[in-house]
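Before any comments, here is the structure.
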Amino acid sequence: GTQTSGGNVAEVQEYRTVYSGEITTLNYLVTSTTNEFALAANLVDTLIDYDKYGVPQPCLATEWEVSEDGLVWTFKLREDVKWVTHEGEEYAEVTAQDFVDAMKYILNPSNGSGTANIAYSVLKNAEEYYNGEITDFDQVGVKAVDKYTLQYTLKEPTPYFLSMLTYVCFFPANGQFLEEVGDKFGTDNVNFLYNGAYIMEIFEPQNRRVLIANDSYWDKENVHIKKLVQTYNKEAATLAPELFLRGEVDYATISSDILDEWMSDPEKEAMVRPNRTSFYSYFYCFNFDPRFPEEYEPDNWKVVVNNKNFRKSLFHALDRKAAMLTAEPYDPEKRLSNTITPKNFVDLNGVDYTQLKSLAKFANTDSFNEKLALEYKEKALQELEGKAKFPVKILMPYNTGVSDWANRAQVIEQQMENLLGTDYIDIIIDPKPPTGFLQEVRRSGNYAFLECNWGPDYADPETYTDPFSPDGTYNWPHLAEGYKEANGKNTYENMVNEAKAERLDIEKRYKLFAEAEAFFIEEAFVIPYAVGGGGYSASRLNPFESLYSPFGVSGERFKGQKVLAKPMNSQEFTEALEQWEKERAEALKKAANQ
Amino acid sequence: MANSMDNLVNGSVDNTKDTIDDIDESLFEFADFDEIEAEKTGYSNYSYWRSTFQVFMQNKVAKFLLFLMIGLLAFTMIQPYLPGQKSPTKIYIDENTGMQLRNHPPDKEFWFGTNSIGQDLWARIWSGTRTSLLIGFFVGLWEAIIGIIVGTVWGYVRRLESAITGIYNVLNNIPTTILLILLTYIMKPSVFTMIFAMCMTGWLNMARFVRNLIIIIRDREYNLASRCLGTPTRRIITKNLLPYLVSVIMLRMALAIPAAIGYEVFLTYIGLGLPVSIPSLGNLINEGRRVMGVPSLRYQLIFPAAVLSIITISFYVIGNVFADASDPRNHV
Amino acid sequence: MLKYTVKRLLQSVVTLFVVVTIVFLLMRLMPEEGYFGEGYEKLDEAQREAILTSMGLRDPIHIQLINFYIDLFSGELGESIIYRPKVPIVDILKAKIPYSVKFGLAAMALSLIVGVPLGVTMARSKNKFWDKLGTGYIVFINAVPAAVYYLFLQLYVTDIFKLPILFNPDRPASWILPTISMSLGGTASYAMWMRRYMVDEINKDYVKLARAKGLREKTIMVKHVLKNAIVPMVQYLPTSLLYTVSGSIYIESLYSIPGMGGLLVDAIQRQDNTLVQALVLIYSSIGIIGLFLGDILMATLDPRIKLDRKEGAR
Amino acid sequence: MNNTKREAILEVKNLRVEFGKKKRDRFVAVDDVSFHIYKGETFGLVGESGSGKTTIGRAICRLVETAGGEVLFKGKKINGKIDKELDKELTRKIQMIFQDPMASLNERAKVDYIVSEGLYNTKNYKDEEDRKRKVERALLDVGLLPEFASRFPHEFSGGQRQRIGVARALIMEPEFIIADEPISALDVSIRAQVLNLLSKLQREKGLTYLFIAHDLSVVRFITDRVAVIHKGKIVELAETEKLYNNPLHPYTRALLSAIPLPDPLLEKQKVLEVYDPSCHNYDNNPPKWIEIEPEHFVLGNDEELEGYKKRLEKIRVEV
Amino acid sequence: MNDSNVILSVKDLVVKFNLRGNVLTAIRGASLDLYEGESLAIVGESGSGKSVFTKAFMGLLDANGWIESGSILYKGEDLAKYKREDDWIKIRGKEFAMVFQEPMTSLNPLRSIGSQVEEAVTLHQRLRGDEAKQKVIEILNDVGIVNPEKRYYQYPHEFSGGMRQRVVIAIAVACNPKILICDEPTTALDVTIQAQILNLLKKLQKKYKLTIIYITHDLGVVANVADRIAVMYAGDIIEIGTCEEVFYNAQHPYTWALLSSLPQLGVKGEDLYSIKGTPPNLFNEIKGDAFAPRNERALKIDFVKRPPYFHVSPTHKAKTWLLHPKAPKVEPPESIKFLRKKWQVMSNE
């Protein structure tokens, strides 16, 4: 059933926002950046989709089946879906070959796709093709059986394969068009084909983007918002609330800075509501591959970070609630997370993954513990005496574009230094500009201690191990010293690999992953911190109308949503949330029974 | 001779005759003539600096601002040592709730309120003022030193003139802001980086300014006189040329301070400024900007902006008035 | 005049070459990551080398320089690598420059329209009310960082006059405030210079003579003083005009104007070497060309300049 | 007077000075100028503005480079490259007094420094006290009070300033002083001060002056011999009275006829002679520098010289 | 000369300046009658107020100066009462014109010579277009500029100093004034050119029936051009008389000093007479005779009371106590005695 929006629907279905992070490309086959694929999600449809309770739905594929051995997936495509140009002119029909061509593009290393690894982690022969060991693309596990039949062949049975299909690396792309435009693909709205709910009418980087509903969209009845206007502003975070009040935009994040003000003004209070938390997981990474400048003493850091007691002293010293106050001053605990895999992500026969035996003890205790922190500090000091220089310089960059991050950095610096003493650690907070932040900081190992986040790519605990794999770009735990096993790999890597290898027995698989994660936390390779989302916003959207999925692009789609005449307030939100949870349980049950 | 005197007796027809006739005879004696006194007449004893100071003090606004600045400078210096001052970086905790004392409006305890994580704005503003002034002073001083050296050589040593002009033309064609951004980007944001980057760019103008002046005064006769007397170039520069630049140098230095602070704010604005952990007027304003949309929190922008404006305006005005005052033409 | 023009032109060309070469060489010092997109860390040393070689970055420096000039002469500025991968820089600029120029011109016109009369008024009422008011304004604008007053303007003026906060090409009202804000600085400096030049001119002997001739004060001001005072300012107009291309970093980012203002900052922040190189080149060339045009303009207005120094030789 | 026996302290032979490095804007300011100055005399140099008077003066004290010819001081060549010792000596012996008393003193230095600047350079004093004494004496010599030493130039009138300039030169104990229009920037009423001072010093210290001026009455009053210069060339040179009484060259005559006389009777009867350089016909008959009568030199070609000679005859007859 | 043709009459003019808060008295009660058609020379040392005095007639005082008291009667109007620029506009150019000292800077460098002269022609002779241009060329010709048609279009920098001064004179003449004030018109020029310019002025005076005030400190120039001479010292006219009277029968010690310091009157090899000391500071109030402190023959009364005019002849008067009947007889300097001898010869004739 549809909820609250009932009579509360705006006359003009136009949704206006401001944003500060400009995309660099529309090329969804290449990007792995949320910003960028969120946009693509509204322009290009995928094989399947989720409904608003998170139940898989047909999308471009009308039906699908999987072979007995779990290796071959066959999709029947919807007929008569059109690729259109930015002017809405029909270009071609969407066929099975488009998925093949897109995959061919992604698996060509010279195209520099950021998500190829995800595709070749499941598809047969894909990795070999990518690495040039195979040159015949026909051997790769993707095939257009006929115009409307698409077949994927996997390396190994992959229970969560379906959920991966909403990720960018499984998007279709018209091969002829790719050929035609070559390098220019996705550089602007013209060099782009649309088969999704919207067409990008105007694309003026650093100015605005206008998306209008696609007239030839196969499911256009479900596209209620006719126009999306997204305006760029470097100061979006600062200006958005004011713009919202003046009725110039329909969405504004209400940062913790100004939340008090909004909450205390009845008129404004009626417009502000909490956000849903997401499955983004936030954690503090210790960097095992420090590549920061000499002045921050990377070599010293390398010594201390490889000392477990040192890590654990920090692990227990981080007062996560104090830190969270900078983002979530009203209910900080609702977002704290003690594991890397968030609660409610997946479950095993009704038991939440985080409550599996090995993980439960971490999941249910707050890592912040002053006493332990000081104990570990003593141990670390003993062990490291003479080997490391104290206080240890800890380079902690933050993104100046995220308004509360700077504050959090200062809070953490002061809180941890207070607790552990400045003779022990010297946290150096290092402001970095938002543009290219990840590139500049995390991916280049230009930090010692950093708040990082990770969003799931498919519905399996494995997804939360990806950032820590040797080719991840987070903190390179495989380089940690003292964990090397006979095969030359680190314990954690072996544990993960063992879990990954278990493909059919889900129960065993989950347990193995849980053990790996528990080990990871126990050894304090990272400090789990929080889940994403949350915070407060003023918005003319009903969050419960949105498609729902913890991963992939579905949640980014505007399809199915309506612009409200009046923003929700907190109370309405809570009520809607309760109702939604009820409805969802039913929906999931119903789906499971099918 | 007698003839001419007759004219006098006969010809005096002036109507003041009556009053002048009864002047005491004794007054018509010769007065003593003192050549030395005559030599001394008309000119008062004069001191350059005193006159400069006097002329400066005649400008009431500048006088007021000067005292304000002296007070303010003294205050920023001693502020941390005054009783009851808070730390600029410490995050204060609300004792009742155990949480950070966020966005606490100005009151008796926190004179300028607290910021969004509970740091004392009053302390931060003075600490920021110290940082910004430090940057300003260093940059001003450096600009003066390098600017003067280059400018003097440029203007005085004819052999190097065209070479330096060439270099200047090239450097001058790379806009200041661009160089500034490039440099701060390449280096880590820190007070040193700021100072360094601004020093790299600021001296150009100073040098040109000095050079133009030097060219004007280098061919004045008194410099020829010095050359005639065999005065070495070094001393010509220090004794004959530089003293004429004092006013300009002071002015430039005074102006360099607001300019440096302005650049600091600019760099912070584009995200290349000092980290928030080192308060500066630039990042205080930048922080304040984040909450400017909320009327009750605007004090976080207004306080630093006001302090900044007062400082920059004061230096600007003082610099200009001083430059005027130090021009001997303006000494009566 | 022709001789003078040719001479100045040659000078400018030489300077331009030197500047361009220096910029080019400086850019070789930029970190090499700036030639790779997102995939930088995924590549190993050999692959990186291969890419750099294919881009011609491993050629001897003089070959690179020659190639660079060849490209430059054919109007080729290269492609953006990171900022907007694979998009020709020329295209990026094409989209941005019109906005900056429109705003720049509007602001410049406004500053001139307000600043020049203000300066004239100040000069004429030296040390009286208007002069003091104008001086106050000039001091304020020069001393207070632009960031501060721009912000206050954006905050309060939009509120009071119900103007849109953000720029929107389709809403004429959204042009007003950015233009005004942008013109404030120019207004102050035009007024300041105008005042200074006017005061200089007013004290000159020929003005006394004009007065003695019996000309009306207004005539003197317009026909003699104003004209002569404007001449030294005119010299800088071409540069200002050309610099409108570069936009205002503050204003454009505050009001979301998609001009050149933020481009350089973005390009530098993202280390997009080719884009940075192109921009620095453009800015530097603008300066040189502007100076050249300014000098020529000056020479046409001021008959003394053509003689080029002969007179003032002493 | 029997001049032939007198010792020439300075000789200028075929002096040539050019300005401007490049060929195109080269400008010959002084062209083939020769004269000599006897020890103890005052030698005048007159000519209109821009004729090269200052340049000659500056060439002598080595402030401008010479492009040709020789300058001999006491028989030693002093232009072009010279050794350090000589340079030092010349700095002391040849001094200059400048035209503009407002511009020729460093306004930011005390009189004490200004006057002793030369002493510092030549280290020509025993100790601080000696230096002070010397400054004091120099000031007294020019009629200023020793207490003025601690003042700045602003505080003085034009005449006083000019005297400070003289003191500055004097303290070097020079033998030869180039006075470049020392009084033309001064008010009439104080010119006499400086003229008197110059004569006094000459009497007392046996100085030799090169006195540059464009005011011919002053030149007549103070100089022993005069050279008239026109466009970088000396056109006539003679003992002062001789020149004033029998000017030969048309330019000299024009110049003299134009002197304003402070005497209404004479002045109102005065006839102006106008000099037109095109009266010369030098194309195929170039001029020569000839001693037309003892100690009277004039520039002219053969034809003109004939005319000059006739003129002299006539004057002699008349007398 | 009789009073009927007095064209301008200045009475007790006091002019003050405000200089950074201090008041300076530049003209201290000077009076002067100017006769139609004459040429009057005002002499005096630098800073004595010659320029200020004459500028006051035209309302051309610098902005910081004002007429404190006194009157300037011209054609029945008291110019000293004029307050507004518009009043002065009626006078300037049409009635009074001025030639300034600096030929190099008195012309607008950015406008052609012709247009600058034409401005005056259009304004004061009401001529336009070709007629005006013709007139300009005629005037340029009058002031001795060869090839005026071509020169019309040239700019000041293409002219030499003497030529520029001619142009400035042309502008003054083009205004068709009654009175021409020449403020040191030749000081910056070479003697030969100076003589030419003076001749030119004399010629123009005849042709246009001008009354001319010359300001100069060159007594040679004065002797050449002046009918009458006024000697100024410290803001006051201390002696005035016909040219011959002042030259040959000077009465004021300052005039003596001025004359006897001229080298032309000196004896070669002897010291010239020289004025000691420096002029008075005009910021201070001057008591008695301003020249007293520098006057070797000063009387005690000179330091006490300011002398009034004592007439020597109907045309000759001086402000010095030496002319008072009670005053002791004073020997003037040698050179003055020499001049007086000439005077005696002349008056005996």
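By letter and in written order, the chains are A, B, C, D and E; residue numbering begins at 1 in each of them.
One rule holds for everything that comes next: contacts are C-beta pairs under 8 Å (C-beta built on N, C-alpha and C of every residue); 3 or more make two chains touch, one makes a residue touch a chain.
Predicted model only: the values in this text are computed from it and were never measured.
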Each chain counted as touching chain C and chain D at once: B, E
Most distant chain from chain E, judged by the mean position of its C-alpha atoms: A
Maximum centroid distance from chain B, chain identifier (CA atoms): A
Rounded Å distance, chain B centre to chain D centre (Cα mean): 46
Centroid spacing, where centroids are CA-atom means, of chain B and chain E in whole angstrom: 45
Between chain C and chain E, centroid-to-centroid distance (C-alpha), Å: 53
Residues within chain B bordering two or more other chains: 39-40, 42-44, 270-272, 289, 292-293
Set of chain E residues in contact with two or more other chains: 276, 278-279
Residues of chain D touching at least two other chains: 157, 160
Residues on chain E engaged by chain B in the complex (per definition of touch): 19-22, 249, 251, 276-281, 283, 292-305, 308-314, 317, 321, 323-329, 337, 340, 343-344, 347
For the chain A and chain C complex, residues of the former touching the latter: 18, 22, 24-25, 27, 30-32, 112, 114, 183-184, 187-188, 204-208, 231-235, 239, 242-243, 246, 248, 433, 435-436, 439-440, 443-444, 471, 473
Contact set on chain B toward chain D in their complex: 36, 39-40, 42-48, 220-222, 224-232, 235, 239-240, 243-244, 246, 328, 331
Complex contacts: residues of chain D adjacent to chain E: 48-49, 157-160, 187-193, 195-196, 199-200, 214-218, 220-222, 254-255, 257-268, 270, 272, 274-275
Residues of chain E that touch chain D when the two form their complex: 45-46, 161, 190-196, 199, 217-224, 226, 243-244, 247, 257-259, 261-266, 268-269, 271-276, 278-279, 342
